[in-house]
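Shared between the two complexes below is subunit A, which pairs with subunit B and subunit C, respectively.
== the complex of A and B ==
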């Protein structure tokens, strides 16, 4: 930008703590027009800002006063017209450093120079204006899929509902009853499926394709191009967003031989009991006789590291429902439940109470370890750790195994790894490489042909999955956070859940799909940088096809052409900047966030001469967690070392190594990066940003060693948002450790 | 999609469910009025230390949500506001919003000079009465919005200390309540929950014994912005507990109290057991349960905590908690051993359940436990724990679903 205005606020004690005239001088020297106001957030202060903009005096502003986290709603300006940088003189300087002090003043002056340099390098984002498709594709026609279709249609969107089977209904299509979706919760309820199928047919906006599969999906949110293969051949369609509601299937009971399944016909699964009850009968498969006693074995293959380590969350309630059905229609039959924990959370507790008290079922906490025949036509269920001392077995005429659910998902990243390995095994550079690739391909061979969405994405044809193959979000607070923008999982495929939860989840996923379409139409990013306009620009003439950006983007934004040149799909982009941090050629930048802008900020820091004994430390702080933590520390008037110069970044993953080189060559003595926890329970909102930063730093430290600079000069610290008590100490301790080193020998070069 | 629907959607409650519903609708392009009873957003989760199973801080997600909220021109936030009346009119609602007196106005810069001079203290509601706070204050370090709050009823007669100290003329001791009638297309009710009162469990020492706290109080004891700065201490003392007992289903799954299961208390206690072990590795932790309810992948969390040294899970119902010398004695019916145990603990945490906030002007149908049921034909969608007991992830999913129902209703009914 060209006409830069700096507005200095002297309120909240800033004016008393700093030499405002000197600060004005610094801003003017940096080429800005300067205005001072006693209270920037007052109506008069805001009017002064607006008049500076309206008069054309400034097209970019540095608002130097309080934190960008304070009074955000007052400081909203049209991002297409003005570049605005809010500089927290109050929090980062005067609340946290001694007033009237030389170091405090130097800190404020540096921060003003850095802010001016940043807006100077900033450009106005250009809003994407693309043709956007309105329709939503729903994959899977079970409970969640049909609810998602009705939800999207209810919000005014056309829907294509693709189902692999020859009719709608999914896993719940069989039994005429299911778990309660609404009160009363103490009894089974008639299945919602038949009514739902009718509603879908009557909705008008929903096109149903049964016996159909997805062959290929190309494009990006708002512009997905989908090929569907059905009984009449292939159909091409354009949709704006996608809901994957492919549900779950029961765990394969044939793997539960130790529980007698397969060996004894009277050992059946809960689903098989449902089918029997649906036919209005209750008979032993072996001899057709009515059972006198049914034993329900809970957690059959669940909560078991050998089978399903997780709990499916609904099997206990399904058993209660079945007990109530049996007791209603066959009151003479005795029912026993062998369980480890009865899990009927929420209002489903009423179903448990009804089974226990109303139906008179017998419950025994025990760990079932085997089911055998007893020789006289009955079955013996053996168990250990029972609550009845000395009792280790029970006889039953029919054993029902409550087996858990397995998601109908595909591991997109594993499939991609498999295909890469197959390619290397074929075209590898050496025999060793080919052999290694062959091994990997064999290990991953079971993923072959499991594709569901068939996305034409560099990073694999399906959604990435979490542990146990659920394509869920990792986030507790953002369950619809998805790593493939515009594609949302819903229902039992994404996490074990009961039907009531699946219905709400389906509506939620449909909303996110519709929202993504609307955001694409407005040319805005979706969560977490919702509303952001600037998309990355790639200066491809200088691209070396190193593929780091296409590999490291957490959201699969970039595809590759045959040469390996990245192809941007801007509507998939979530604006985190990880590609910018990855690029060794520094050819990726955002209009309002770029390698150049941060380099200029670093260049604006005045580095004192060696003999002044005032080291300078650069801190890159994640703007979602570490920066807010420091801001909160400032609100509590915690103090920290005045040698530190803070640069907030979108994500540590966006930190380009060149910034570190720039800083060191300018004589900066130490560099600290503070970002989110990584690993299994990562807290990075861009999935791997802080982890990638750590990996990249590993490479830098080797370079440091070669330059004979101590590797202690660079540090990465993981910090959670609420660790505001800890962060000032981290900065102090790092500053102290840098103070103990010799000054950076590159000072003054 | 919403060109025909001109009226905003009303969201009642800005806890994690209401906030989510409002943001999701606004980011879809709809106008939203978000009414919150308290002077801050975030509801119950703002008072939690960490979420299970990741042990990540709730403020991390609230940070993003606060930014989304403050940057979105399509949401109008009404704090200290309750909905006191509602009438169906031509397929939409006419509602009455009442705003309590706003004594600290939008001119507040959160500079903090008022707190320094305030002579009055109040019981800090944020900390469930575990601490006192000045009558005028920032409710907690990461409270949104960044504005101070005055509990006017605590002001000494004639005191104007804060008014005189404020350089920005932001304090109005004479502010009165406001009432506004408004037409809205549809409504999301996300009024949330309150904890089952400790006082109703005197046999477990609730409200009687100082060393007995509820699970929501335990969150504050572990929180860095809590009454002890995050140190887990026996209330009323400055001693660290050498043993902590968690009493599961305290007033839950019990026809004399709450007949249902809140679905989160097992996981909350397991999480709190880790708070204790992280801070006090030598402390003995016992957890007494009926069933360990950790559905889904949370099973891994159960495995993790159960495998932590010094954590003991006992299937048994705690019948009584009494003072015994310096500490507390629990009478436990050990279901596996088939006998009564007498166990010692320095600190007892009662895992109390969630009760839906009741009373709404829309006449929502409610189930036998008081949870509200959505009524999409009348344009009413219920979200989060107002709807059913749920953890944060399930509440957010539920709220997003409710937002879709409200938008569908708004489109259909306008």
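== the complex of A and C ==
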């Protein structure tokens, strides 16, 4: 921008702590028009800002006063007309550093220079204005799929509901009753499926395609182009967003031989008992006799590293429902439950209580380790670690295994890896490479043909899966977001859940789908930078086709053409800047966030001479967690070392290594990056930004060696939003360790 | 397969426990809050969580052999903290009533007292009838207009001829029942060490001071009532013993003057009994949540105690103030209720005095070094 206005607020004690005249001089020296006001957030203060903008005196503003997290409702300006940078003089300087001190003043002056440099490099974003489709594609016609379709249709959107089977209903279509979805939650409820099917048919806006599969999905949110193959051939359609509700299936009980399944006909699964109860009979498969005692074995294959390591969250409640059905229709039958923990989350607790009190089932906490015949036609269920010492087993006429659920998902990243390996095995550069690729292809062969969405994405044809093959959301931060913008997983495919949770999940996913369509129409980013306009610009003339951006984007935004040149799909983009951090050619930038802008900020820092013994430390803080944490520490008036210069970044993943080199060669003594926890239980808003930053820092060693500098000068720290008590100490401790090193020899060059 | 230790659910016994006031056991979901908050449960054998499970499964045999059932003083610290309102205190009380009946000798008497809810007229009425008939047959129903000594109403010889055999019978029953219980306890626990009496003595000290009861929180007011009642009974028994010795050993004249030490001891005991029983009844009425559910098992025992104490005090007052016919009637009623108390001792809630003492002794003999 060209006409930069700096508005200095002297309220909240800023004016008393700092030499405002000197600050004004610094800003003017940097080429800005300066205005000082005693209370920027007052009516008069805001009016002064507005008149400066309206008169055309300034097209970019630095509002130097309180934190960008304070008074947000007051400092709102049209992002298409003005670049605004809010500089937290109050939080980052005067509340947290001694007033009137030389170092405090130097800090404030540096921050003003840096802010001016940033807006100087900033550009106004251009709002994307694309043709946006309103329709929602729902994949899977079970409970969650139908609920999502009805929810989206209820919000006025056309819906295409694609179901692989020849009828709607999904996994719950069989039994005539299921778990309660409504108060009083203490009894089985007649299946909601038939009613839902009628509602879907009557909704008008829902087009149902049964016996159909997705052949291909291209495009981006608001502009997905979908090919569906049904009994009458292929159909092409355009949709704005997608809900994947492909559900789950029971774990394969034939693998549970140790629990007698397969060996003894009277060992059955919960689903098989449901079928029996649906027919209104209760009989042992072996001899057709009515059982006197049924043993329900919970966690059959669940929470077991050999089978399903997780809890499916539903099986216990299903057992309670079955106990209530049995006790109602066959009161003479004794029902016993052998469980590790009864897990009936939420309202299903009422069902558990009903099974205990009304139905009179017998419950024993124990680890079942085998089911065998007892020689008299009955079954012996053996267990250990029961709460009754010495008791090892019980006898039953019928054993019902509560087996967990397995998601109907496809591992998009594994499929892509498989295809890549197959390609290399064929066209590899050497025999060794071909052989290795062949091995990988064989290991991944079971993913062949498992595609569900068939996305035309560089990073694979389906949603990436998280733990246990569930294409789960980034659940810590955003429970409904997946790693593919505009595509939302809902119901038991996302995470193991019961019907009530699946319904809620479906509504949530439908809302997210509609929200995404609306955001795409406005050309805005969705979560977590909701409303952000600036999309990345790629200066492709200088692209070397290294593919780092296409590989590292957590959201699969960039496809590749045959040469490996990235192809941007701006509406898939979440504006995190990880591609910008990845690019060795520095050709990716956002209008208001670029390699150049941050380099200029670094350049604006005044580095004192070596003999002044005032080291300078640069801190890149993740603006999602670390920066708010420091802001919170400032609210508590915690203090930290005044040598530190903070640059908030969208994600540590957006930190380009060139900034490190820039800083070191300018004589900055130490650089600290504070971002989110990474690894299996990552906290990063952009999935693996902080992890990528850590990997890239590993490569910085080379730069350090070249400059003959110690590796201790650079550090990456993981920090969560709530660790605000820790962050001043981290900065102080790092500053102290830098103080112990010799000054950066490049000062003054 | 024969070597496997099986568990078999018993719906019948579970339902019986439910009828006896233990129906809330169904709600237990084994969170172990009860065992965690119990101040009486030993660290290495916590209760009542496991006992709740046994009650749910109707495992009365295991419960009968479990000292924890009796180590419980029904403080109800567990009951007031149970998140599911499963009332472990009530459940264990139901278990105790069932165990008392199960160990009863002869069994039919146990059943008779166990069904006090319907048999109470018989249990209270039969002894009255017995005394009236006995006095009628021996020609002792013509009482003077003013009774100076109860010898004039019921000759001591009649009292001895009734109560000595009854006491001997009760003692024999206590030996049989106690022996059975002792054997059950021994079958399910680590081996006992040391002598029985060596362990019994400190246990009696503990009971005498109600030291253990004092660890209860919720039922602290009940402790005072129970303490007074117990010592009232002991005082009354000691007074009776001393009187017999004085009467025959030293030829003392009855009635004793009010200032006589024996008289004072007797009256103090009576006051302790009256205050104790009133405290217990009031507590039970006013604090049902903390006192636990009141079943016929509790009501019958409390009623008998109340009647014994009330008629005992009343006889003393009536002898001095009321016509002889009334005083005599009250005195005969008193003797009848004492007879009920004696005879029902091994089968009613009163039997806890036997079983709890044994269980505490057993616990002391099996405790880890």
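Just so we're on the same page, the second predicted complex is superposed on the first by the 744 of 749 C-alpha atoms of A that agree within 3 Å, B and C clash if a C-alpha of one lies under 4 Å from a C-alpha of the other, contacts with A are read in each partner's own complex, and residues count from 1 in each chain.
By our rule, a contact is a pair of C-beta atoms (placed from the backbone, for glycine too) under 8 Å apart; a residue touches a chain by one contact, two chains touch by 3 or more.
Since the model is a prediction, treat every value here as computed from it, not as a measurement.
Q: Following superposition onto subunit A, is the placement of subunit B relative to subunit C best described as a clash or a fit?
A: Here subunit B and subunit C cannot both sit on subunit A without a clash.
Q: Thinking of the overlay built on chain A, is A:353 touched by subunit B (first), by subunit C (second), by both, or by neither?
A: In the superposition, A:353 touches subunit B and subunit C alike.
Q: Could you look at A:362 and tell me whether it touches subunit B, subunit C, both or neither (first, second, both, neither)?
A: Touch status of A:362: second partner only.
Q: With both complexes overlaid on chain A, does A:531 touch subunit B (first), subunit C (second), both or neither?
A: Once the two structures are laid over each other on A, A:531 reaches subunit B alone.
Q: For A:342, select first, second, both or neither according to whether it touches subunit B, subunit C, the two together, or no partner.
A: It touches subunit B and subunit C both.
Q: Applying the touch criterion given at the start, work out whether A:694 contacts subunit B, subunit C, both or neither, answering first, second, both or neither.
A: Touch status of A:694: no partner.
Q: Go through the superposed model and pick first if A:387 touches only subunit B, second if only subunit C, both, or neither.
A: Touch status of A:387: both partners.
Q: May I ask you to decide whether A:210 touches subunit B, subunit C, both, or neither, giving the answer as first, second, both or neither?
A: In the superposition, A:210 contacts neither subunit B nor subunit C.
Q: For A:42, select first, second, both or neither according to whether it touches subunit B, subunit C, the two together, or no partner.
A: first
Q: Which chain makes contact with more of the residues of subunit A, subunit B or else subunit C?
A: Result: the larger residue contact count on subunit A belongs to B.
Q: Give the one stretch of subunit B, out of 169-177, 187-195, 331-339 or 349-357, that collides with subunit C after superposing.
A: That would be 331-339, the only stretch with clashing C-alpha atoms.
Q: So subunit A touches subunit B in one structure and subunit C in the other; where do those two contact lists coincide?
A: Shared contact residues on subunit A (touching subunit B in one complex, subunit C in the other): 342, 353, 365, 387.
Q: Residues of subunit C touching subunit A in their complex?
A: By the definition above, subunit C touches subunit A via 1, 4-9, 11, 14, 26-27, 29-30, 49-50, 53-54, 56-57, 59, 62, 84.
Q: Which bits of subunit A are touching subunit C when the two form their complex?
A: Listed in rising order, the residues of subunit A that touch subunit C are 293, 334, 336, 342, 352-353, 356-357, 360, 362-365, 372, 374-375, 380, 382, 386-388, 390-395.
Q: Once bound in the complex, which stretches of subunit A touch subunit B?
A: So the residues of subunit A in touch with subunit B come to 11-13, 39, 41-42, 66, 69-73, 76, 151, 154-157, 182-185, 303, 309-313, 341-350, 353, 365, 385, 387, 389, 466-468, 470, 475-480, 495-497, 500-501, 503-512, 514-515, 518-519, 522, 526-528, 530-531, 624-625, 628, 632, 635-636, 677, 681, 683, 685, 720-725.
Q: Which residues of subunit B touch subunit A in their complex?
A: Residues 1, 16, 23-25, 27-29, 49-51, 53-65, 67-68, 70-73, 107, 109-112, 138, 141-142, 145-146, 167-168, 223-225, 229-230, 253, 259-263, 291-300, 315, 335-336, 338, 367-369, 371, 373, 388-394, 396-405, 407-408, 411-412.
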